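Letters A, B, C and D mark the chains in the order given here, with residues in each chain numbered from 1 onward.
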Amino acid sequence: MTDQKMHFDYLLRLGDNSLILGQRLAEWCGHAPMLEEDLALTNIGLDLLGQARMLLAYAGEVEGKGRDEDRLAFHRDTMAWRNLLLLEQPNGDFAHTMARQLFFDAFQYQQFAGLCSSSDERLAGIAAKSLKEITYHRRHSTDWVIRLGDGTEESHERMQRAVDSLWGYVPEMFDMDAVDDAMVAAGIGVDVAALRGEWDRYIDEVFAEATLSRPEDSWSVRGSREGKHSEHLGYLLAEMQFLPRAYPDAKW
Amino acid sequence: MTDQKMHFDYLLRLGDNSLILGQRLAEWCGHAPMLEEDLALTNIGLDLLGQARMLLAYAGEVEGKGRDEDRLAFHRDTMAWRNLLLLEQPNGDFAHTMARQLFFDAFQYQQFAGLCSSSDERLAGIAAKSLKEITYHRRHSTDWVIRLGDGTEESHERMQRAVDSLWGYVPEMFDMDAVDDAMVAAGIGVDVAALRGEWDRYIDEVFAEATLSRPEDSWSVRGSREGKHSEHLGYLLAEMQFLPRAYPDAKW
Amino acid sequence: MDAINKEPEALEAAFQAKVDAEQRIEPKDWMPEKYRQTLIRQMSQHAHSEVVGMLPEGNWLTRAPSLKRKAILMAKIQDEGGHGLYLYSAAETLGISRDEMFEQLHSGKAKYSTIFNYPTLSWADIGAIGWLVDGAAIVNQIALCRCSYGPYARAMIRICKEESFHQRQGYEIMMTMAQGTKEQREMAQDALNRWWWPTLMMFGPHDRESAHSGQSMKWKIKRQSNDDLRQKFIDATVPQAEFLGLRIPDDKLKWNEERGHYDFGEIDWEEFRSVVNGNGLCNRERLQARVDAHDGGRWVREAALAHAAKKEARKVEAA
Amino acid sequence: MDAINKEPEALEAAFQAKVDAEQRIEPKDWMPEKYRQTLIRQMSQHAHSEVVGMLPEGNWLTRAPSLKRKAILMAKIQDEGGHGLYLYSAAETLGISRDEMFEQLHSGKAKYSTIFNYPTLSWADIGAIGWLVDGAAIVNQIALCRCSYGPYARAMIRICKEESFHQRQGYEIMMTMAQGTKEQREMAQDALNRWWWPTLMMFGPHDRESAHSGQSMKWKIKRQSNDDLRQKFIDATVPQAEFLGLRIPDDKLKWNEERGHYDFGEIDWEEFRSVVNGNGLCNRERLQARVDAHDGGRWVREAALAHAAKKEARKVEAA
């Protein structure tokens, strides 16, 4: 892979993470457990969508093949997506959505904090702008995981189940491959493997306050960096991409 | 509308009914309440799919614009579909699926019995072939509605709720519009309005044996003959049509 | 007996004088019980409409055709949720809780705008809702900015600003599609065909058949008649449709030089009543979606309360 | 003491003699308890695999790219459900009920073929499953058609006929895609890349590491060794891949003139164990789907039983 191709791939991973999670949050629209959460979830979804647009637009420029944010969002099939497996998992109940969110928010917070000092100034700028949003996202999901964990018996059980069922998607966030290594070497990217310790500390604190048990590391799945996804992504894309696929000549 | 256009539209309605219901049944695959029902539902789904293929292929020929069964199945958007609203409704639980099936099976049985003597010989042939299948479908859904209605307290409640919630989709089946009138006049089509009495008698007998109450006629919806569908159809199509839309040049 | 019971007529006269003088009634002011009830009904219906109105648009959020359109739509739906919040809060100043209002919605006792019982079938519907439905809402709401009840009037002022933004965005979607491919133009026309008449119905029955209008006008809860508002909307919208090159589905629509207004065809009130009474394609889905969200979210709300109580208890213990 | 307990060694010798003489063991015949248990384990695992195997293919049923392909796939999945039924029935002849077998599946005690823990990510995967996974299954199953246990052998004969049909259909999908557009060729190659090694693992561990093989061979539950069957599959499949113009993802793959077989690279058993132990992308989804179908369908099965009982009672009453 050329440097340029790796740079593109790296930006794509970042952008795809934000876009797919934003799309999942959009599914909550009008169905949240309270009106305030309808607003909060669309707010977070909007932030993620904004990040995705900046990152994908930039990725398209780096690639240099004339693909803009929409071309990248609406004309790639499953195998060309680079988002983390965690983020394409279905919303489940509110506890699932919050567990997924906390795991990613805590990760993305550290990742983007690191990206703020990227030698790629445009990426650093996007990261700096996004970090403020992510700080709020992390606060929001942290609060909810604590509330639900240390709420009623039912909410505690649901929250624990959610955490357990998503735990195996955590290790993939901290994987490094050749692209990551090259980006770290070039001063562009972040060494995510090095972030695990701090992530664990943060999550353990949240778990403690939420009276949740940290799950055992009994299983884990990976593959998104090579486009190996779960079966959920295909359905998400079929829905998301319908219009641009059905009317390829149209502008909207 | 020309005669040819009406003939096309009439065949399309028949074909779309079978295709959309078959697609819904396909969603059950691997998730039925018992293995025998996995087989039965795929069996019925296969029959419907077979009907759809014959009817859409024929419709395409009558239209004379070079659209084959796949072109009609995979390259029409919501507004161009002519299936009954009942058939695009989500599967719900097994009771919902069986209520939908019974209502349609009982209707389609009479409709296709009539079509067996259509002056359109090809259509009459398709109807004759299909009627054997439909006889079995109706037997199957009748048996289940009776079993569930006159089963346990839970199954009775679920079955009654399913019947109630789908009742408003029934009247549309017996609507007649200009196309129907023209097809009846030409000896091609069936006067579905005239079928309601017998349908009611059949259903009332099933309800009696199933210890179910016939719902009041408190609401009804319609519109599919003009392409006015419920919001469910768009999602069904996005999923069903993904591949041919995403790869328009490919043959499969 | 207290002052209120002693002199109801005097209180009512003073209230009416204040309304006539264009002064705002505030929550702590005395007000006739029927004024309060009328406002509760109207404001909660308005709030419910904002919240139920999120659903037909939310139906296209996951399928918006570009990331920019998705972001705009998401922001718009968020605004609507926010409007719902203001309005519930404003209604709460009249002594009803949000939970009570939800209960009334879910039991069918309280209504929401029946326009939301129509389905959104293509992306053009998102344009049509912004252009027509929000356009009609604005005409109604501008009138309400001078409503006699202070909290409602202030909520309306805030809402109107955002709505006019939404309306422009909707019109822009229609414009793009009307200038687009053949299929897009067809979708735009089809959307206009389906939304035009239901939008006109949003203004309510003809003045001659509007039972409560007189009293509401006198109380300045309502500032303009249904027919006047409808005419205003039509006069503003017809040229916009012409500019788009779309045809409004009304053969009787014609500029009346003499009246200085557009004449238009008769509204099919039979259809209106039919949809109100349950025969809209989405009546059941909309209500069920709200009930499911509310019931399905109960454990979350209970958990939040339980957690807050625990936290409070710990604080007390620590003190 | 009865005859069975009196002379276990004699019974066992007679049993083995019958097996050695290529006679079938039938349900009513005496058989060693371990023979019975081994068969229950193997047959129920086989039945579970048919049923769980419906899920990865079912994942593309609603998205099949033509109506003809949809019909073929639907019929195929139906066949698999049917195979599940034969096999459960055949296993029931050994004194275990279908419900007990389901319980073992759902609790994780009984296994299903770990190949189904991989996701189907493109339509080419449907081709690859038919071509490779069914292809491998046939090689295994043909050997089992001569299994010593009569009901199992007969079920296999019936199943084999259908499977070879499925395998041809899968190959035909691969052929169409390999001759198709650039994207289709890429999907076909990608599917082969992902399914090749997991398919080879379907034959089980190397003979030298296969603990129970010796006894199973002696009892003729197993007729050929894992490695022999694997070699047979590879030898048959490599020319098929070449014909498709696809590259098998194994640098060590090479015809060995001397052996008269293809040499091939070392299987990554670490990955195999990892997927068996829960690290396949779909382990949780597959099991959960089965548990949900079973638990979610309980009320239906109970209703069917309750209704049958009522009908029976009425009949008795009437008589």
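The rule is simple: contacts are C-beta pairs under 8 Å (C-beta built on N, C-alpha and C of every residue); 3 or more make two chains touch, one makes a residue touch a chain.
The structure displayed is predicted, hence computed values, not measured ones.
Graph distance from chain B to chain D, where chains that touch are one step apart, equals 1. When chain centres are defined as mean Cα coordinates, A lies farthest from chain B. Chain A and chain D have Cα centroids lying 37 Å from one another. In whole angstrom, the spacing between the mean C-alpha positions of chain C and chain D is 59. Multi-chain contact residues of chain B (touching two or more other chains): 77, 234, 238-239, 242. Shared interface positions of chain D, defined as residues touching 2 or more other chains, are 63, 183. If you sketch which chains touch which, the pattern fits none of the simple shapes: not an open path, not a single ring, not a star, and not all-to-all. Chains touching one another, given as pairs, are A-B, A-C, A-D, B-C, B-D. For chain B in complex with chain A, the residues that touch the partner chain are 77, 234-235, 237-239, 241-242, 245-246, 248. Taken together, the chain C residues at the contact with chain B in this complex read 56, 59, 63, 119-122, 183, 187, 190, 194, 277-285.
Taken together, the chain B residues at the contact with chain C in this complex read 77-79, 85, 165, 168, 218-221, 223, 228-231, 234, 238. The residues of chain A lying in touch with chain C in their complex are 19, 23, 26-27, 29-39, 42-43, 45-46, 49-50, 52-53, 56, 69-70, 73-74, 93-94, 146-148, 150-152, 154-155, 158, 239-240, 242-244, 247, 249-252. Per the touch definition, chain C reaches chain A in the complex via residues 51, 54-55, 58, 61-71, 74-75, 77-78, 81-82, 84-85, 88, 123, 173, 176-177, 180-181, 183-184, 289, 292-293, 296-304, 306-308, 310.
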